[in-house]
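Chain naming follows the written order as A, B and C, and within any one chain the residues start at number 1.
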Amino acid sequence: MSALARAGIVAAILLSSSVAQAKPTSAQVLAQVERNYAAIRDYSADVEVAINSPQVHAAKTKATIYYKRPNKLKLVAREGFAVLPRDAFPGNPVAAIRANFDVAYGGSGKAGGEPVHVLKLVPKTSQAERTMKLLVDKRRGLIVGTEAEFGAAKFSSRWTYVRVDGRYWLPSQIKVEMSGAMSRPVFDPDEIKVVPPKSGKGTALVTFSNYRVNKGIPDSVFTEKKNRK
Amino acid sequence: MKTCIRLEIFKLTRKLRSYLGFGALAAMAGLVVLGLARGRPPFEASFEQGFVTVGSYLNGGFVAWFLLRMVMMFFLPVFACVVVGDMISGEAADGTLRALLSRPVGRGSLFVAKFAVSVLYVIALTLFLGVAAYAVGAIFLGRGALATFQEGTMLGAQGIYIYNEGEGLVRLLGAYGFASVAVLSVATIAFFLSSVLTNSLGAIGGAMMTFILFGVVGAIDYFKPIHPYLFTTHMDSWRGLFLTPVPWGQVVKSLGLLSAYIVVFFAAGLAIFRRKDVLS
Amino acid sequence: MEVIVEVSGLKKRFGSVCAVEGLDLTVERGDVFGFLGPNGAGKSTTIRIMVGLVRPSGGTVRLFGRDVWHDRVRALSKVGALVESPGFYKYLSARQNLWLFSELSGGVKREAIELALARVSLEGRADDKVKTYSHGMLQRLGIAQALVSEPDLLILDEPTSGLDPQGMKEVRELILSLARDQGLTVFLSSHLLHEVEQVCTKVAVIHRGKKMAAGPVSDLLHSRKRLRISVGRPAEAAAALERLDFAQVCEVTADSIVVEADDGRAAEVNRALVMGDFDVSAIVPETMSLEEFYFSLVRSEDLH
């Protein structure tokens, strides 16, 4: 075999392997995430939130979260009122993501030492959502983090998981970090005094425990108006 | 002295005027709860980025916090002064002071007894507000976590501070306790004026005018150097009890200044009362 | 005789006005002491000082040997007082008012309250709120209030003020019986002279803050005499006596003049007239009533 032929074969092998490792599409990644939720029909869990940011100070607020396939999600504040960080959106987010965002593949990255896919999310209707990056763990296909920017404020979150009932991977803890100048909550719309937005760092810790998976949750839980326990 | 206090309480409870403040505060609690239950919430806790809210923060604890915020800087002091300002000058005007003082009772004892009963009244009035607000709020809006809203006036703290119900109750208790001292500071001025004037309206009006005047001066930047010495500046420090961490330095300093006003006006009133000619 | 009230060198200034000047008084146990003087003479101020309402500028008042201003509680422990118009809590009943005031004096049994009400004939209205009372009833209640704590000394400022003649008579009789039957010592001020004459054993007259005269009534009435002098040329005679400082002409008729003079000075008056070439045909001394005595005192003070 001539040297050229050998080089050609090596090049062909390399080329084919790199083709085999070709960039996945955003659809493929989302499908990988969705597979984790395939076996979960519904679950409920206890949520504990602790927030310490310039805007919100809440130590250990308790809530309960209910999820039912495909995209029913309900949070009930166990003491009547709770505030949660936007970046902690457990449940099956895939359907919501597909509905509200245009998803594009943004390459590879690392989060917590693990290789991740990066998905870029651009809101379809710009109002309520933010442009953000989704970090999906390459090995298990789980969302392990988000990064978002809104004006001068930056948000990033890291998710850790626990295996429930030996089968289901569900978040055990979501840690959110915020920085920059965030607009403060609108108080008393008639207020005359204008206070400039506070700049600073903040964290929120959302802990999930006591998962009850596939135990059956009636639809009425999600339509019930009263949000009190 | 115990006799004096007992008799003063007897007299106080037999006057209609003593109950007006309680009635007014109960009515205010009722109206506020009605407004909260029907209308839009006073604080739009909507965050553009970062957070979502779940549930409603309207409950007994919130009403107790909200009402204190509303009535502290005017109504509560007025209702207290209306009774306390009448303590001595009312008797002077009615001619009963000379009847009292021609009895074998020391002037100091009488003065202290009347002040003690005034203190009890202020505490009762303030705590009643808290209890009424919490109870009426709890009955019509339920109970739950306490969410308080700070607009940056207290040490630049902004945002929502949320506490679970138990901790909320403890903080509310502390806040109402602080409020008693704050209201007492105005009431002691009314009491002092009551002991030197023979006209209750003068005592009540004088105390309220001092209160308003100090409040106005406290809002004008030019007078910034004297702001820390005005009692009105410190009456709001109860709000610090709903922050995390609680600015104890500020709260204690405020309590100290308010107490100083109380002690000074009490002592001055006592000294004058013991020596003055009772011509009424 | 035990001294119950002792006023020594009492002085009171209000700014530049001297309300009481150098007043000395002594009231002994069992006295019914009348304190006389026109309005503004200093009676009320003196009484207020006596019950510790007003601080003396100088001098002392002792009740039962104790200084009223410095030892109030003990000085007033056996004293019942009524200062000017009675002060009561209009929103309470008469009974409640009496109970309240008696508690400040150490508390009394219920019977004492009932007795006080009975003494002033108010038992029937005892549970009505005082704001429904007439002026006369208030006055009677005021006296009841002074009596309710079973005092040994009563200090009353114009006790019959506002009462009708029947009421006045009842109060007079009450005071007399209290003094006579229970040995109460009474110090009262009044401007009703004939009343004081009926009730009091001793009087003091005060004018412009100064004591003019004091002592048992009969002594005083005998200390000064009215002389009805039948004399020729009465008008000129009156003029001639003007320079005398121990006598004042108070009446001139067609044939006589009436002269008030200290006891024992009749002869000097006579001499003055005779030396002035007036024909004195008769000098008739008359004992003055308290009213006449009082006016003569006041007049003589005014003239000086």
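Basically, a residue touches a chain if its C-beta (ideal position, glycine included) is under 8 Å from a C-beta of that chain, and two chains touch if they have at least 3 such contacts.
This is a predicted model, so every value here is computed, not measured.
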Suppose every chain is reduced to the average of its Cα atoms; which one is closest to the average of all protein Cα atoms? B
Of all the other chains, whose mean CA position lies farthest from subunit C? A
Could you please state the distance in Å, as a whole number, between where the Cα atoms of subunit B are centred and where those of subunit C are centred? 51
In angstrom, rounded to a whole number, how far apart do the mean CA points of subunit A and subunit C lie? 99
Counting only Cα atoms for the centres, state how far subunit A is from subunit B in Å. 48
At least two other chains touched by the same residue of subunit A: list those residues. none
Footprint of subunit B on subunit C - complex, ascending: 14, 48, 51-55, 72-77, 79, 81, 83-92, 100-101, 103-107, 145, 155
Note which residues of subunit B are touching subunit A in the complex, please. 42-57, 59, 142-145, 147, 149, 151-152, 156, 158-165, 243-244
Any idea which subunit A residues touch subunit B in the complex? 51, 53-63, 75-77, 79-86, 130, 148, 150-151, 153, 155, 178, 182-189, 191, 193, 195, 198, 227-228
Can you list the subunit B residues touching subunit C in their complex? 3-4, 6-7, 10-11, 14-16, 91, 94-107, 275-279
